């Protein structure tokens, strides 16, 4: 592992951070009482890996030319990103309590730092299906200039219903952009139902392969499995790679797990308390920040 | 001044949902398309009642419009449902070619329109949809003002057998103030309050705001006519002309961009027929943001106080 | 073969008709001096098969409830369709001379009969990528009513770059609509260049398979091969089928064959004469209609 | 009256092409995206001169806008090229979110706009693009009138570093009548002919038609001011207001739908500032058809004679 990530955390810390991120997601949503629980919780492990081990970035300099580019195409997953960006030092933890409130930088769907969004966010998302094309453009531009930065884009599985994603996938395959790694949050859930009920995606790996991509499948709730997958993806030359990461929607909260009905609703206060109790920090987790905890305390009581 | 009262609150999208159930019962050709937002746009009740007549197309709005066109071609009456931005902007060219140019009588039912959709933020606040749909030939554009009117609009839209219809509704619960005794006819505006000093022409949620504004104005002895312009295309020119002639000052109010929407339609027409001072209550050429619907209405200048202010401004310009 | 097609022509007649269609395309374009040569010429064999052997229709009753539905998604290919519709009796041959002229029913891109287009055209096309979705909708509607009508949709290969096509393909796979047959005009050419230069589509068959389609590959300039392929396609139950028909752009005209530069330009008068001489009718071809030939004669001289 | 002469003919899209070559030379960050219509939209010369800076994305306009956004993010200056309908309508939501809301300085260069594109027919006649682009916040919309102005517009657009620019041009060869001695500034209209009785505000190909109409009118002793409104957003309000005040009658002329375009922009503004009789020379809420550009201009009412007629009509309404 190159020491380029500012944390380069060890496995146990990544796990602990994932748990911390989950707690933050729950707290944010309890306060906002609006927003998406299921997808974000399922992605906490992946975001922990991305920001505490994989990505190259400098939270105090968001335009650092050597940074890696990360695009969250499925913008509704914002809560996991926001929690991670806070924990990674892009903005104060206490600001998490402003999620979805008027004048916030934590917009319901991600807005970039140079408009009214958070530092670390490169471009807007929320209207599904647009991130792949953007990632391909960034990868092509970087390659043109022989720059070593890597580009990551994360898609929901339901999001893959959008044709524009396949346009972008085709373009990436056509140009063999190997400085691009896509991650699919394969939780088999979308809003209306499970993915096979709403729109069957299988055989999903075959689809990407037929679009000239290298495909790696892994368990997106298993940190070591995911890290290996991403390492493999980056090592493959001459093709873009996709990591199809199987996750569970609502992971970590018993009553949300693998239930598509948690796609877009926040936990109520009692549900939130229950969730937090299931996500008790271990001894390794000592990421408390007082202002944020105070705000949470006001709602949780 | 007639007082118009709210008889409780319900969401306009609920009116859509209830209309669908009735249509489903009355007409076996009615089919509904869902784009993975069935619960929010409230087609889930229809899907449950008539599972064989509900088609999930996944998160694929362009495809949805084409599938609707195909269903229409073989004799079905398709209702395509999505959030406003993804119902109008995302599949614009598909709507243009496969529905409008091809005269397919598909109903495009768009929920979560306007800035009032709130916390989801700018990407989900469809503020350009009326402008987009209105500029398409052969398109009908309706923006009902409350639960009942939405229900009636959706049901009446079935009678349009040539060309698509775009119907715009909203997420939040809002006052119910129309009743069955009022007429509802596509293309025919309803004058809700008579007035002589100024006319407020509103659509959608802004109709209720306009009524409230008129009450405030009445207390200040300003007599405001309030017109519910539920159909934005075809425009009820007669009613507008009469108002322009009689009150000689207008305010338009809509949960939409200032460019291209209802206000624009009124201004275009009157410039050709009877130029009249007009103020626009609308989102002023900016994207929205997260927040509560009511907060955003205030911040972005489309609340009742903004209508009151606009009325006073236009009265100063009146000749 | 069911005797449902009004002609149900034999092989030699189909070949002759294809040649006739090619001649008509050349003549139309010589007169209009605007429109697409390459794709239409490559498709003459397929259109001959469709309208003189495969499709169920009644040219005098375009709303006949038992008709098959044919959608030309790649609307720029209109000239081959127009020539075929004329030869199949949907409208007078002499009207072919109005192609792309003001007030014509032969619009530059197909318009349906109930607006300002030709009988036999069900819906508009021209903006690429929209036909698959329409075909899926029609197929679903027909299946709902347990109707036996079959639905066909024809796509250009370059057209498959459009994401909406993949949305429709996915929907068809999801619903296993087997009353639908897609035909891809695999001529390896699009406007700017050959398809692998503009946007690589290979492995194309794998793509469709991964989207849950049955794939049949054939030579689209070989009438018997194409007929077998379509028969096979219709026989497969439980899945939609696609016939990937390899064709040559400009087929039949030596100086146009397999050259993408003929995608969108008409032959000049001299070129047209040369083309017509290469497409001399055989003794089986006796489809002359005097008004049409007179109009042609005025231009050809 | 000043006479404005045509110094030969060239297509506006050729001005785009030539601008690209110069930009390519001047600025190594300029990259061009092609959607399989490189020859027609005339980006082929750039592609040949700078193959490493040209990206073919296939027939995939939605993808094109996203790829452009990504290139922009890493410091490139992307020029996305397509036919009007497929540049504006097809990828509307992508332009909205990834370019306008995200403030990406991408240039969307749209050729083959308007009904004058001719024989391709309605599906290719982009008559709604100005309406669509104009309603987007943070968007600049330019519609140059001839070869040189197009070249200058494209070159100037590079200086806009925040938010996208939509530039609209046409297929056919048309008169070249602007020259380097005239100023060209985005957002600043050019008054080409001074006049006192009426003002014709035109954009794109209609500017030349307006000049011709003014000559016809001059012969009938009607003094028509002609304004070249090359930038439709931001609108040059000052010039419009002055014309409205001084001539008290306006005609707008554009190769676009009557709803939502230049005429609409002018009417919206004047309704708020100075209501003025206005006639619209535009396609009257209908789709086009195949035919020659000149034939269609006549049939659909956007030729110089229609401008003359509109002037006479608006003069009868003048107060």
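Chains here go by letter, A, B, C and D, matching the order in which they are written, and residues are numbered from 1 within each.
Definition applied: contacts are C-beta pairs under 8 Å (C-beta built on N, C-alpha and C of every residue); 3 or more make two chains touch, one makes a residue touch a chain.
Keep in mind the model is a prediction, meaning the values are calculated, not measured.
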Seminar exercise, completed: Chains adjacent to chain A and to chain B under the stated definition are C, D
For this session: Would you kindly say which chain has the C-alpha centre located farthest from the C-alpha centre of chain D?
Result: A
Seminar exercise, completed: The distance between the C-alpha centres of chain A and chain D, rounded to whole Å, is 41
Problem set entry | Length of the line joining the C-alpha centres of chain C and chain D, rounded to whole Å | 36
Problem set entry | Rounded Å distance, chain B centre to chain D centre (Cα mean) | 30
For this session: Mark out which residues of chain D touch at least two other chains, giving numbers and ranges.
Result: 57-58, 60, 62-63, 85-86, 90, 93, 96-97, 101, 122-123
Exercise. Touching two or more other chains, which residues of chain A qualify?
Worked result: 111, 124-127, 161-164, 167, 170-171, 174, 199
Exercise. Quick one: do these chains touch in a line, a ring, a star, all-to-all (complete), or other?
Worked result: complete
Exercise. Which residues, counting only chain D, touch chain A once they are in their complex?
Worked result: 31, 52-53, 55, 57-58, 60, 62-76, 78, 93-94, 96-98, 101-104
Problem set entry | Residues of chain D touching chain B in the complex | 85-86, 89-90, 92-93, 96-97, 100-101, 122-123, 128, 131-132, 134-138, 257-260, 263-268, 270-272, 275-280, 285-287
Exercise. Hey, which residues of chain A end up touching chain B in the complex?
Worked result: 32, 34-35, 75, 100-104, 106-109, 111, 116, 124-129, 158-159, 161-163, 190-193, 197-199, 264
For this session: Quick one: which bits of chain C touch chain B in the complex? Just the residue numbers, please.
Result: 69, 111-112, 114-115, 122-127, 130-142, 144-145, 147, 163-164, 167-168, 170-171, 174-175
Exercise. Residues of chain D touching chain C in their complex?
Worked result: 34, 36-40, 44, 56-60, 62-63, 85-86, 90, 118-124, 289-292, 295-296, 299
